[in-house]
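Per-chain residue numbering starts at 1, and chain names A, B, C, D and E are given in the order in which the chains are listed.
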């Protein structure tokens, strides 16, 4: 992990909106975070709180009618929002790669996986000048994800099972040796064994290839298993970020994160302490005043219903956006380093 | 007399590739008992659940409810059985008819089984909705599924299942499509019916955490490609699995505690053979079993009792190593905090 | 695969058999019998006395009418099997098959050319509409194209006739080629053929490309929204590659499937168009023979139209794997389309569902 | 009886001056002629085929002679230049210079074989003769049946036989066949029932079948034009330079157009079509009138009639039919279809006799015509008649004695749009009177079948020709009325009869009487007498109503062709009268006489 | 009610559909009330033929001197009756067969599907022409039956495949577990889910039937009796309207009547599509 602490990807006060005018919703609002080289960065949150949107914006592929309306994303210091398409295309796949949520629909159904791999190789001749070399690399990656190259090359997407597709998608993402791989819910919808397999693969890849991983999930157990750093989102906003230990073990934390952790029945014990979080994620088009989590929060106070809490740290990288949790600490705005 | 008796059931789908999805499955439950079915994706859990609920007829074997084979039920008795076995599906989006209001989803069953008449049906439905913790107003009955959240929908479909006062509910991955925040509430709701009304459950899940939470005091049956490979009381099976497959499943569960994870990872332990096809000869698991021996490849081990209602289909169940990280005390994140 | 082809073949033969039988019974169900029809035909021709008319009819129909129906039926079916659909009532000097053999190529030419042209134009327009989905241009095009596809082809034919053969006498008002050219492979003849085919082709293109355009637009829009297109983008593929191999190919597939189905519709529509442009194709003969009660020719045309459609469908089915490589086995496609018909994906042919 | 040389001088005289002026014209021009609907989608060069090519006519193949119109006794020679009746035989002599277009001479064998073959299909002249024989190279003798009126036989033979080359069809003529034909027709003249059972008849049928199915690849005519090429839309006729009068024909050929009626209009307006004979609805006619170089010739009396089904209640009642005659505004319904334009012939002529106005003038005296009921539009009379029959009027609707409303359906051939228009008009008038009426326009075949079967209330019929008795026969005779032969044998058709009290004849079997008269009554006093008898019957009983005359015109353009046959005061002339009765024959005649020359 | 409010919501935003819907409504009103208010008179006057538009005859007059507009209005009813009747037959047969075979399955399904195969393959329009010429009727019910002869098959196919996928949908299974009757299953559970498709198909079936029936009258295959647009065009064509400028209104008015109706139907069906489209409904 020689490149540790070098910031690769920096999200700066990003706001992404879907639609415009009255019906528009801000799926991501004023989010700032930075991913350092060598990290495994987890984005966590309930369904619909903007995780995928944030992930898409990292590659500038937010689906219509979504668009970035504020802030920027910087990769190795280069702003991507205003980047020309040509430069973006050079980055995509080669430097930043993405595995889509579900991975079920990530492949062209009428072209073999092999041909799609070739397309990628041809689009980035700077990575592998020789097609054969690239193909061999892919074979190697397939072995890493425990798949047999022979079968995959000629297969159509429809001939693969869900777990296999997920792994092929991971291999494809790694094809051009990108420095960052973004995975959107790579373990969701997989059963325990496939999930474990993917977790192990991610860890192995991280260890062996030194690739930086950003992954989106709503499963805290997976976070605990894989991540080094975590950002928790709620209704389009960041509510807490920190190292995985800080998230799981620190005293000061966001009631939402706490509630999330408490809501999981664990196999580790009979789990009589689990408690559901009441209510549901608010509709982004109809947000409550003040803290967005206030309606569901156990430790809610009047202040929470009036002002949105800022994201504050106590000096380290552990930032929390909660009036109650932050009461004790010296307010210190997060540095934009 | 047990409530449900699955005897030697084999099933092959007409539309499938001809391979049986279930092989000689034996399972029985008592009234008010919870039996959990676990296993990897595609192992036949849902299929077994659907057979139990009578949505398909098994291609072989028989399923008896309260002592009588459901295939032979006729007339009134069939209606009665139909009422007593219900199912709650996995997908809260798919299990409610998008074109019908909640009211018209709930009413036909009540009317059909004469649990209400035209006059009382509305009041009856409101009571039901109250029982599942929904906003029980007449206006709510007029809502369409798309106007409800996932959790509300799942509650509505639970309301539909309990509306017929069943004795057995097949709950197929009822929480897997729900947000984490809502899962426990739904499980608690179902549990309350088990406790208060003595409704028995066939609870399908691949999440041991959920199973352990829900099926306390009940039993777990572990399935592998259509075979029940191990069956036993919840705590015992989780703490001391007697089949390498169960062991593998438990071992694979991600642990929501980074400290524990580090500790476990440091101890090593590979993830080989997590996935793969079943063996066609001998023990079905022999292809992927870390403990496999020659005999396993030749001969299929029978599902044998190894003490107090705990059965396993492994020749070498004694040799299964203990699950270290699960056994560790105070390992839960909740515990870690305190 | 082989068994699938055999099955399809058997089905096709069954349908042809049914159509032939239908045709046999229809001919006998027609008001009056063929002899009466001939009698009327002769009387309308004029200049013949009643006795003359009876003489001719007796002479021409001296053989079968008294045979039992089943015998006639067997004879008819057996004849049809050997490619003999009898003789036109109005023209016993030739055979139905010979008449059709002369007419069919014209129809096939017009149908094929207009299908291809309208397909190409429609796909192009649809693709452009999808590419500029929310633009004014696309909205205007959607309107124009929906409008055109809703207009019955025969009305367009009448309008074209009005403008181009009456107000401005630019095109001939009928026929397949001029009388001044000698049929054969010579430039003059080919030009004449082209000149005569332009209006019928134009009429069917004008009314049918809109359907393709709308279908293509729908298909392309849904493909554009598909995850794998964004996935391809995320991999840094060039726009050209994405357009060609990802969007183009996938949105074309349902169109190609539709192409086969529309053949039947085009043959149907050609009946109107050929009649209005007096284009001597099979549809023209069919309507003419309806008017003249030439039942055997009419049903012969019907049988042949059906057979053409069946053969096209069969060919498309067998060739489909070339287009969609996932389908090595057409049976799989049949099953897939059987089970997962997505109504949103359906392209409705112009004029609704009468295909 | 002495032989009469035919209509005297062909060519020469009448066409003389015309030929002179034509010299300046461009003789490479083609005349475009659009007579409409001459051949169907399929055609055959074989004249014995049902669907013979409609242009196998006097442009390409000549008849023996053409009858002058409306005369029944004067002929203009064509292929035959001399004929005479001697010893009960009609000897026909063919022109010496007549040749087939393949270069061989037209001989008596061609005519003889054609006569035999025509017998197979029952051509009418066989009811006049008992045999046909070759006399010499150019002469054929037709043996007349005993008691056969000469003039009618001449009409049947000269005006209708168009010889075909024996080289093509003659191989089907054998001695046996000839004997069969002769025997069959001898028997037929005595007893039709017996004739139909003869083995000869069966053999003739077989022979005809072969003949009809004979595939003929090439048209060999003997007329002034050769068929060069043909499509469904057009035939190209090229002047045949070996024709005997070829030098009188001043243009290179004829573009003979075929196809839907309406397509001719724009071509007429633009002058692309030089001559046509199609029905022109009033607005078209108006436009034609204002077109430069436009001319119109008007034909003789042809007409359309509304036929009632006298076999169906309540139309079986004479009073009801008369009532309808008082209500149907004949002039109005005629003008709806043909307009009012005087230039177009003042289309409507009142007819109360059931035959054309021209024939009325020839065969009936003015005082006779005066005596007939004119059926002016007169609702009061109609009301009285209906009330007399027990009809009542309830509100706007007449109610039949049986309590049901009196409604009327007109059956028409949808292709004859002028009739549909007229009938629509009639239906509206009837509806206004209180008899709810509508028009059912079906295919021609359906309409024909319905009228033969008697499945109609009011139908349509086209009436024409120059023989008044034949005209009556075509409606009241067994063809349409109590049919005896063929498919409709035993059907009642228009159901007028079967027996009626005919003025001057007494109670007779109507259909057979008029049919017999059509074959036996010669022009002259006898014919005048009979016509008067029938006229009174039709006028009184109203089995049909004549409502339209001059239903089509001959528009022709002088833009490119001049020297058309002259038009008289009433836009007609002897030649135009022939043309209107026999279009192709008349035109061919005009061309042979040097008319129609390019400008 | 919800349907209507949805419809209105969509129509408000889609001008084309709104206008389409309004026109369809107008035609329906014309079909229902037209013949009551407008009359094609029985008097006729050849001197009034082919008049240019005027206040009295906004679309001019025909060959009989009668108003073209009033004929068009009166001619709306027979066309709409045949169109709607045929669509009802098509949809009824298609939906009934599709749902039953799709849901129940089994041998009956196989047999019926082979039959639909046959009807799907036989080209519809030629068959209609053949039948219409044999049967030669003016009876609207028979005509509608002829027009639906093959149209139902495509619908049955589509409905069946939807029923088949619905059959294994969880809410259908849940209803089955509730013990609902077959009629409830088909009518309440399945039908509403294919409703959108059926509704849109219904409109398209109307346009298809109108297309074909006008064609039949136009070609003179169906008997020309009474007053409808196809007959009007037929008569106009036959009277050479194509070739005189005076009669342009006479010829083109009925054509416009058909085109406007057809286009209106298509645009209106687009709105229906949006109303029913579950994707748009979810949010």
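Quick note on the criterion: a residue touches a chain if its C-beta (ideal position, glycine included) is under 8 Å from a C-beta of that chain, and two chains touch if they have at least 3 such contacts.
Here is each chain with its UniProt name: A, B = ABC transporter ATP-binding protein; C, E = ABC transporter permease.
Everything numeric in this text was worked out from a predicted model, so none of it was measured.
**Q** Following contacts chain by chain, what is the lowest number of steps it takes to reach subunit E starting at subunit A?
**A** 2
**Q** Can you list every chain that touches subunit B and also touches subunit C?
**A** Intersection of subunit B and subunit C contact lists gives A, E.
**Q** Hey, which pair has more contacts between C-betas, A-C or C-D?
**A** It is C-D, judged by the count of C-beta pairs in contact.
**Q** Just how far, in Å, is the C-alpha centre of subunit E from the one of subunit B?
**A** Computed value for the inter-centroid distance: 51 Å.
**Q** Averaging over Cα atoms per chain, report the distance between subunit B and subunit D in Å.
**A** Taking the mean C-alpha position of each chain, the two centres sit 92 Å apart.
**Q** So how far apart, in whole Å, are subunit A and subunit B when each is placed at the average of its C-alpha atoms?
**A** 31
**Q** Using CA atom averages as chain centres, what separation in Å is found between subunit C and subunit E?
**A** 22
**Q** Two-or-more-chain contact residues of subunit E, please, as numbers and ranges.
**A** In subunit E, 133, 136, 220-221, 237, 242-243 touch at least two other chains.
**Q** Send over the residues of subunit D in touch with two or more other chains.
**A** 265-266, 415, 443, 446
**Q** Each pair of chains that touch: what are they?
**A** Here the touching pairs of chains are A-B, A-C, B-E, C-D, C-E, D-E.
**Q** For subunit C, which residues count as touching subunit D in their complex?
**A** Checking each residue of subunit C against subunit D gives 31-33, 35-45, 49-60, 62, 87-94, 99, 103, 165-166, 169, 172-180, 182, 278, 280, 284-285, 288-293, 297.
**Q** Under the stated contact criterion, what part of subunit B meets subunit A in this complex?
**A** The contact residues of subunit B facing subunit A are 40-41, 149-151, 179-185, 187-188, 206-214, 216, 235, 238, 248-259, 261, 265, 271, 274-275, 326, 331-337.
**Q** For subunit C, which residues count as touching subunit A in their complex?
**A** Residues in contact with subunit A: 225-228, 230-239, 241, 245-246, 249-250, 253, 324-326.
**Q** Touching subunit E in the complex: which residues of subunit C?
**A** Going by the criterion above, the answer is residues 11-12, 14-15, 18-19, 26, 29-31, 143, 146-147, 149-152, 154-155, 158-159, 161-162, 166, 264-265, 267-269, 271-272, 275, 283, 286-287, 290-291, 298-299, 301-302, 305-306, 309-310, 313, 338-341, 343-344, 346, 348, 351-355.
**Q** Quick check: in the complex, which residue numbers of subunit E touch subunit C?
**A** Result: residues 16, 90, 114, 117-118, 121-130, 133-134, 136, 147, 150-151, 154-155, 157-158, 161-162, 164-165, 196-197, 200-201, 204-209, 211-212, 214-215, 218-221, 233, 237, 242-243, 251, 255, 258-259, 262-263, 265-267, 270, 277 of subunit E touch subunit C.
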